[in-house]
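Provided herewith is a single structure, encoded as structure tokens, for subsequent inquiry.
All chains are identified by letter, namely A, B, C and D, in their written order; residue positions are counted from 1 within each chain.
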Amino acid sequence: MVRDGDVVALEGFTHLIPFAAGHEIIRQGRRNLSLIRMTPDLIYDQLIGAGCASKLTFSWGGNPGVGSLHRLRDAVEQGWPQPLLVEEHAHAGMAAAYAAGAAHLPFGILRGYLGTDLPKYNSNIKFIDCPFTGERLAAVPAIRPDVTVVHAQKADRRGNVLMWGVVGIQKEAVLAARRSIVTVEEIVDRLDAPPNAVVLPSWVVGAVAEVRGGAFPSYAQGYYPRNNAFYKQWDSISRERESFQSWIERHVLGTSDFDGFKQSLLEAATHA
Amino acid sequence: MPENGYTADEMMTVAAARMIRNGAVCFVGIGLPSAAANLARLTHAPDTILIYESGTIGTKPSVLPLSIGDGELAETADAVVSLPEIFAYWLQGGRIDLGFLGAAQIDRFANINTTVIGDYYKPSTRLPGAGGAPEIAASSKEVLITLRHNKRAFVNKLDFVTSGGHMEGGDSREKMRLPGKGPTAVITDLGILTPDPVTRELTLTSVHPGISVQKAVEATAWPLKVAPQLHTTEPPTETELAVLRDLYARTARAHAGDA
Amino acid sequence: MVRDGDVVALEGFTHLIPFAAGHEIIRQGRRNLSLIRMTPDLIYDQLIGAGCASKLTFSWGGNPGVGSLHRLRDAVEQGWPQPLLVEEHAHAGMAAAYAAGAAHLPFGILRGYLGTDLPKYNSNIKFIDCPFTGERLAAVPAIRPDVTVVHAQKADRRGNVLMWGVVGIQKEAVLAARRSIVTVEEIVDRLDAPPNAVVLPSWVVGAVAEVRGGAFPSYAQGYYPRNNAFYKQWDSISRERESFQSWIERHVLGTSDFDGFKQSLLEAATHA
Amino acid sequence: MPENGYTADEMMTVAAARMIRNGAVCFVGIGLPSAAANLARLTHAPDTILIYESGTIGTKPSVLPLSIGDGELAETADAVVSLPEIFAYWLQGGRIDLGFLGAAQIDRFANINTTVIGDYYKPSTRLPGAGGAPEIAASSKEVLITLRHNKRAFVNKLDFVTSGGHMEGGDSREKMRLPGKGPTAVITDLGILTPDPVTRELTLTSVHPGISVQKAVEATAWPLKVAPQLHTTEPPTETELAVLRDLYARTARAHAGDA
């Protein structure tokens, strides 16, 4: 469902990051994607390093608690493997832009971007005046991805999706998108969602696929914890182009699915 | 390590933690701010409300989170909300007493840079960027900043202003209508800097035990002002050190992971 | 906590309507209140009929499923017991205005009020242009009550509040207000809130009071159903000024609290 | 009651229900629209998604709700969201196939009034007002309206336009940029009116069994246009009637309450 040149958002704020789906995009060799994500994280480091992306819209691009995303930096600083156009925001602005997208408004407003240089480098940050008080507020255009991909804990057989814990911007990202794909930890007979839970009804979801462990090395609350050790290892894997390339070729391009990927990682660890 | 048995980072974290009054609602960045805020919660400020930008409100983690949205933050929170909500209803809503930030670079008016070193389009170092910081810095009633003190960090001019402090000093922050009153202290591994009440220029008001004024001045790229009444920071108490080290030890064990 | 002349919002969208708190405002004889509520319902019919209000901001003023609010109509049509200034919206606009209030923005935007006469009669509905697309959108000023009162299912001993089911605009109304009062069905040792439940932390709530059954005749999901029969009876009680006055004097002004009110209703039913 | 054993209201409700295609996402007003939508769900359109403005999405009540937010709507819903969310993300979000409204007054272009009869400031009758209707009428991809047919309701000029239909006819609705395509049918107790493809004026296209054209024309304050190919509505089937009556009977029992 992802095509070359698409505007694509893979969301999940530290939690439920759709790594399995991201790997599939790499395996399919997609090119010239305009990637959107508040916190690019390792999955976008991999997509960028693998040459899938020509643009990145984001608001915080690091390896959380560890340091830099080296492939992102290499693309920005050296243009490798290809130049990467950057549209840079703050979290508050991107959250408002996704919310506007979900609401099909053309823009979102916030009391934001005050005292920061970001508007100097991002022409998509404008300012408008309140028609009642005259206060100047920031405005950002709605985010409307061609495709949004998220990972969630459960879906039922009808395709209704339930997620819980840190739910981030996932609901908005799905509702803002023209098409959407949701991978889930498990498909169950009944969701048994608690009242007011975050549920995406089947009719707003394009496709649902069961991919157990599909958020590794991020986490799925109630299923498995964040693999902090992998996040730390990524720093050395990704630091050099060569080590990154051999990793992605062996573990992602050299495997046929996410189970294969994890099996391959396990074998590498065992033989290390 | 200073001879009395604690590191400069420990002194910095303890000094930062002490700045948090019990019951304050704190919006906390990851890293040193998170360590200091949790130390405060585990020592003198048990009723501090910790909020992380992942939407976890009133969270009480037993170990330091590696990311801003670790599972334990959600499990131990009073409420977990979406990102549009945490930024609109809670941060912009004016409910945060204290924003607590780290930085890569800081200038004399406590403006900070976490975006790029060098030219924006041809950076020598591409840093992670803004995240929640610009609005934390703008909207929190008060802001604390903590970072290590050296000339690469304490610069004469920022390569990029990611988050506004006191802007160009004086009343320039109010004129730009940033809602909160801005940074009230910068806590480093050498001492504590606070803005001058009028000019808003950061002034060294306390040095940590064993640190000379000269060392702090030399670690600052601008001519650092020193308060006439310079304090010496109280060294960490045994309790503070024990709680902090225990927290780090628990954290290290928890983050070893299973990979 | 409610003073004469205050801007007051009692919220609860068909569910968890704070009747007990509303009766207390009537008993205290508050005057010149600017009342705000999306769906005035019986509680505002009572407040208006009792002479507490000089202004009403609302978006749907009826007895749901039954018909008119006769006291509201009498105030608007005949100025009895005093003239009532009306600021009239649509639900979408009021929801956006409350959300703006909760976010401390001066205004909210929506693609709304298109093709309706409402803006001709409400100068608080304006239109602004999107700075990116030029599209004309409606703007409404934020709602910022002096006091918001809501009813919820549970609070814990620290004052954290949990509600579930139809949660309407209650959270926004509390977060938008300068002061807030929450009545709850019960105060418990532990909330045991499900993940992502609607929880108001104690430090955003001004006061919490346990008033069991305090939403009667509306309902509290998990506690008691809506008393539809009372809603239907209200039509005849409220239809004439005399029958309304004798009802409010006997059952509200003549009782000292909500338990007394309910006891009084029960006695009337038994002796009827 | 017509001799073949059903009331005019039953015919109206059945005719309205038939307009709902299976699987449509319906944003439903209380009263007649709610009855028709639930009848559809219980007969030919079991996969219809019902949304009430109380934030209940995909609800499956066993009895008709008296209010728009009855407890059973929440208990049987796929999701229950806040009011800002239901109006912003779901209705304005363009996700509604079919908005289903009642009205006190309607004009020839299917604009409706639920606000006041008479002058706004000195009304002879103050009606409940707008509620969700203006944005349901504007943003739903398609709108159905159902109300009883008489001259007090089918008026020459509305006292107040609460919700826009085809505005002044022709392409005036598009010019005003209302997103959805507007009312596609008005179902009354006498027949069915649909907008002319060009002028958008409501035209009588079907009469219910036993109803004369003359009766419909006389019940309309403007000179009602009648389609050259006038249909007669199929009378309610036994199943439709049985399901509807059963629904009303269950509802009456449930709403007797305990006061």
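One rule holds in what follows: a contact is a pair of C-beta atoms (placed from the backbone, for glycine too) under 8 Å apart; a residue touches a chain by one contact, two chains touch by 3 or more.
Source: prediction; values computed, not measured.
Least step count on the touch graph, chain B to chain D: 2. Chain centres here are Cα averages; for chain A and chain B they lie 27 Å apart.
Averaged Cα coordinates give chain A a centre that lies 42 Å from the centre of chain D. Under the contact definition stated at the top, the residues of chain C that touch 2 or more other chains are 99, 104-105, 110-111, 135, 165, 167, 171-172, 195-198, 221. Multi-chain contact residues of chain B, defined as those touching 2 or more other chains: 74, 80, 88, 92. Contacts between chains form some other arrangement here, matching none of path, ring, star or all-to-all. Which chains touch which is summed up as A-B, A-C, A-D, B-C, C-D. Across the complex, chain A meets chain C through its residues 104-107, 109-111, 124, 126-128, 130-133, 135, 137, 139, 141, 164-165, 167, 194-198, 221. Residues of chain B that touch chain A in their complex: 30-31, 53-56, 65-71, 73-75, 80, 82-84, 86-88, 91-92, 111, 115, 120, 122-135, 137-139, 160-165, 167, 173, 176-179, 254-259. For chain A in complex with chain B, the residues that touch the partner chain are 13-15, 38-39, 58-62, 64-66, 68-69, 72-73, 76-77, 88-92, 95-96, 98-99, 110-118, 121, 135-136, 165-169, 171-172, 198, 217, 219, 221, 225-233, 265, 269.
Residues of chain D that touch chain A in their complex: 25, 49, 57-58, 74, 78-81, 88-89, 92-95. Of all the residues in chain A, the ones that touch chain D in their complex are 99, 102-105, 160, 172, 175, 193, 195-197, 199-201, 203-204.
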